[in-house]
């Protein structure tokens, strides 16, 4: 790719990082090959190679390269940090936790790592510890996006609406264009039953990341939730199983009322309710499947 | 640095906790009844190692026994409901108790369910546990009715 | 009513400052093969009123006197003026005067490192060389080429043209080739900034490199400055993690804005496969405000490509119409790949012991089975964008294409 005199390892790293940032993995891979031919032991370049492997889905390749780096430089911060991702992705959460703790002992002011640890604890249902870690991350760096996010997650879990609004406002103020912020906003809106608004945000996210399968799936899900034909199911979508229980009660009382007061309509009422139950059961997955197929998923 | 935060919480020998979904809990309650619901929700309590759920289980069991006893031996208490619901009273009460148990345990485990919703980890497959709980729940109800009849005679 | 030479001479005697008469007189002299006399008159007119007409006339007179360099300088000066109208012979002179080899611009990296930008191709690509795509070519001619060649005409109709244009579309569909063709049609120098140059800018000195780039473009007027893979240089700041990436975009935007005052003879073109990765500020007025979709080649263009690729190789019995119909959404590179596969199939047979034979329909059939157009993923992404996010007209051209081709 480069027809100049030999670049320094640092220059190669800068170029490769730029290509990775832009998602140009093929070009980055080609350049890393050239770079490593000249600087095979440079840990910056090796780390870039691991990143390319990780971002392209080659977890084994990434792991192998990270082990290579850590064999020479066991304290390499970035390599250990990426290793946490790999361990989490492979489901080895205890090992990921231990590595995070090591990182935090080595870098006690790393708000980002505290926030990652908080996320891990949320994932493994250690809620109280997760919230404490999130608070610590926020204390260390109140502007850190992940710290703000983990605090917001804590507020959502606790059901504290006021704090949730405030947390979301902080996130929007500090990181208005971040994908993470958009996702949290979508979560907030879906929790309030505002599916159309959530879909609009998701569509904006799709405009930024049209190649992202995850984002497309989110748009399709929200498209299904906000579809006009799903309007009769809005209470069930909004209040979940509480609404289902309520529906059961209403059905029970309603049917008996109709039977006693207007027996002529008893069959009609029964079939209508059965129809509604079947519709609530069968239609949403069918609609979602159709929308997914239409989107090429 | 807060040292207590840097103590490992996960163990290599024990898998991270995964809860059965609220959807499966609802369906077990609806189709399986209160005993099945108690058993199935108990599985989540056991996975979370929540000792504080034990009194709630005991209360649920007591309510179940009381309901069964009242329906069998003091049906007059439910005259108002009979007028409203006719012959569906038994089924209605059974289902409502089951849903109430399910709802109570959801409220107790709400934070964990909400936390789980942020991640794409799939809940464990509910089929075997649900079927076992429903069969066991049915057996418990049969046994309970037989026991109550035996006590009465 | 044609005024005679004598009448004009008399008119100039009585009113030496009448420019129109002087220009008419100079033109008559030029027609009468008195180039030296015409030059004198045009120079007088230019001294009184330096405008497109007097300077173009001077250039014509100089050309007639075989003073090509001076003619070129005068013609270049004429382009700066409002009423400029192109002159065929002078345009050809300008084209011939382009350097055929060697770097047109260079980007100076840190220290004394000089990175040569892509040199001009010796053979010019013209629109005639781009098969099919008549609608696109018409749009390009109306919105880009003619306003560049005849700014006076468009100014009279108060129609703006030129500025920055962003070509976007699936990979391999000829965006770079079209950019070169635009430069040739505009009789302008073509300077390309590609991924290699961008990589160099990332290493540091990006502000200096960009400034020098734009300075060189000014010095080469008329010039088409083409940024290939614009998403690499102007990556969306909202997605960029590194401060460095954001800084480069800010610098690029300042250079574009600063260039506006002085950019009459510089046309900015850019191309990208990922328009959604280009910073939104790049697409605003004064920068790359116009975005044109370059679709995969249409049937006529594919036929043109197939005919060129099958020329001079042994083929027999290949129904080109059927092949064109069987390759919807194929890019030029895909058709290349398809024909390569067909060649491989033939060669494989021959090397396995079969008698030597030309490429036939069966080889094409085998190739078609194996080949999947590379544009499909891009079109699927675009389809979803149009479906869900098409309300703001960003991808209106794409939507039209998808409807016309019934892309499922």
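Going by the order they are written in, the chains are A, B and C; count residues from 1 in each one.
Operating definition for what follows: contacts are C-beta pairs under 8 Å (C-beta built on N, C-alpha and C of every residue); 3 or more make two chains touch, one makes a residue touch a chain.
Note that the structure is predicted; figures quoted are calculated from it, not measured.
Taken together, the touching pairs link the chains end to end in a line with two free ends. Taking the mean of all protein C-alpha atoms as the reference point, the chain centroid lying nearest to it belongs to A. In whole angstrom, the spacing between the mean C-alpha positions of subunit B and subunit C is 72. One finds 31 Å separating the Cα centroids of subunit A and subunit B. As a whole-number value, the distance joining the C-alpha centres of subunit A and subunit C reads 43 Å. Within the complex formed with subunit A, the subunit C residues making contact are 109, 113, 115, 195-196, 199-200, 202-204, 231-232, 235-236, 238-242, 244-245, 276-277, 380-385, 387-389, 394.
Within the complex formed with subunit A, the subunit B residues making contact are 1-2, 5-6, 8-12, 16-17, 19, 22-23, 26, 30, 48, 84-86, 88, 92, 95-96, 99, 102-103, 106, 110-112, 114-116, 118-119, 121.
On the side of subunit A, the complex with subunit B involves touching residues 93-95, 97-98, 101, 104-105, 108, 114, 117, 121-127, 129-130, 132-133, 136, 153, 156-159, 187, 240-242, 244-245, 248-249, 252-253, 256, 259-260.
Interface of subunit A with subunit C (complex): residues 1-5, 7, 11, 14-15, 17-19, 21-24, 27, 31, 177-178, 203-204, 206-211, 216, 219, 223, 294-296.
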